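Here chain A shows up in two complexes: once beside chain B, once beside chain C.
And now, the complex of A and B:
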């Protein structure tokens, strides 16, 4: 058990450094917080799509209302912000991948962190292009 | 010893993180920017009959479900573990809100994708 916060020691309260804004003290922590904050973007996109399928299930009028909302300037602006957040999520996901996956060896040599990150980013660009190609092929 | 349920949440977090890292940016671009503006892709790309057909096909249905569900489970897990950094030392309530929210989103997606028919 930790000690109570305001326990009196020798007639005075011991100094405790405040934790408020702790992550702004170091650029490393700031990057960590931005990385964690990308979860808000991923959640927001999931909810936007959920609103879409809920509208789709309610029929044509509801779907067209969802489409009209997606075309509003505020939605376009928010989606541009989401795009930036999602790109940062993608970048940071592969940036920390060398630390989150087990060590990999090829020919008895450990694969370097930079190589793993590079392969991940190449895969992300390839997946994005493949998805756009699919949309392009399916266009009316 | 009681088996931990943590690996399931970490697994969903990892799968959702990977899927959103690979497809997230282009999905946002297509559905949120390109099609609404008619930029590079036509606006009719997401017209009602086309999207209904897409959601009725087993492949389209599965794709949309997997994206919605894995994205929200990834986010819920990450947000739950970040609460600590903001001085919210999450107990059962925080866990219930995060994972319960993800469950509600998953079930609503499942329900609407089944409701559009096959």
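And now, the complex of A and C:
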């Protein structure tokens, strides 16, 4: 302990506890930290996609090089890891979503948090499936 | 009290400012029955084992908000938590996290009280009315907009659950911001513009990172994380709409 955690204040001597390692104290905080950390995974994946778009703009050779890089085993393994991170992030994001919105009323009744979370998850899955379907239909 | 013959070990983090340089753990073996709360366990210690142990309590029925403490690392009301949940293991009790320890299980809550006062936690009528003009009417729907936030009992468990408050106590914090929202969301209230300054400040809603544990530990289902996070939207609206709003019309347009 570098400095005393209890200085005399107005005749009192309150003791301040340390916050070191706070996020390991409760599984809830660990899940929160994973939610925040997986946001970086989402950012990393968008950078990979952006690199693809830029290489497409640079011409056929650059595009094929990017495609080849994507097919390497390391890249596939990394993409699978990013997928897992992305799925967890989406789930945790929709889990906290009801807390970020004003109360919603449908037909005079309040929409429950579970309904809002479920609606978000269903929308995310539907959007992903629609994207896959479009990619399948439009494939060369 | 001890007729069933069962006992449980209660570890208490003690701090006696006149003799302890730092808190120390002290262990007590307490006879208990299945209907005994953790608070009753502490009362048994104080009455029969060690009269020097200090803790706060009053109503014994989750109404007064006095007996909040960390029980096995989680913020809980000790009157609403039962010893049987921990038997045959032991349990560890500590003063509410993120607050300074005043003595034993008594947390120093001066900071919370100053913040509570700062948000004007009372109705500021939109327009003064005479008694003969009658009461301020409200529809059930208008009541529902703020009712859950009015259930707060100021027990401060949400502060002990909030790492942002623990890391920087300048943050106004979940409970006080939930109460602020309770008055702002009330159709009879006209104090919104005054309170929005506290919402918009860096120590206001923007210090919250949506951990959400405050709502998890709230014994009254107030959901302070919801109050804080919907006010991020309100604060953003307040910031951008002020460019569109004509001066002088702000009070009327703020709802």
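As a working rule, the second predicted complex is superposed on the first by the 122 of 140 C-alpha atoms of A that agree within 3 Å, B and C clash if a C-alpha of one lies under 4 Å from a C-alpha of the other, contacts with A are read in each partner's own complex, and residues count from 1 in each chain.
Here is the rule we go by: contacts are C-beta pairs under 8 Å (C-beta built on N, C-alpha and C of every residue); 3 or more make two chains touch, one makes a residue touch a chain.
Here the structure is a predicted model, which is why all the values come from computation and not from measurement.
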*Return first, second, both or neither, reflecting whether A:15 touches chain B, chain C, both chains, or no partner chain.*
second
*Which partner, chain B or chain C, touches more chain A residues*: B
*Go through the superposed model and pick first if A:90 touches only chain B, second if only chain C, both, or neither.*
first
*Examine A:23 and indicate which partner it touches, taking first as chain B and second as chain C; both and neither are also allowed.*
both
*Taking the superposition as given, does A:103 touch the first partner, chain B, the second, chain C, both, or neither?*
second
*asked:* Quick check on the output: what are the common chain A residues between the chain B footprint and the chain C footprint?
replied: 19, 23, 36
*In the complex formed with chain A, which residues of chain C make contact?*
15, 17-18, 21-23, 73-74, 97-98, 100-102, 108, 141, 144-145, 163, 166-167, 209-213, 215-216, 223, 225-226, 229-230, 232-233
*Spell out the part of chain A that touches chain B in their complex, as residue ranges.*
19, 23, 33, 36-37, 39-40, 42-43, 45-50, 52-54, 56-57, 60, 63-64, 67, 70-71, 75-76, 78-80, 82-83, 86-87, 89-90, 93-94, 120, 123-124, 127-128, 131-132, 135-136, 138-140
_Touching residues on chain A, where the partner in the complex is chain C_ = 1, 5-6, 12-17, 19, 22-23, 25-26, 28-29, 32, 36, 96, 98-103, 105, 108, 110
*Residues of chain B touching chain A in the complex*: 16-18, 20-33, 35-37, 41-42, 44-48, 50-52, 55, 64, 67-69, 71-72, 74-76, 78-79, 82, 85, 87, 105, 108-109, 111-113, 115-116
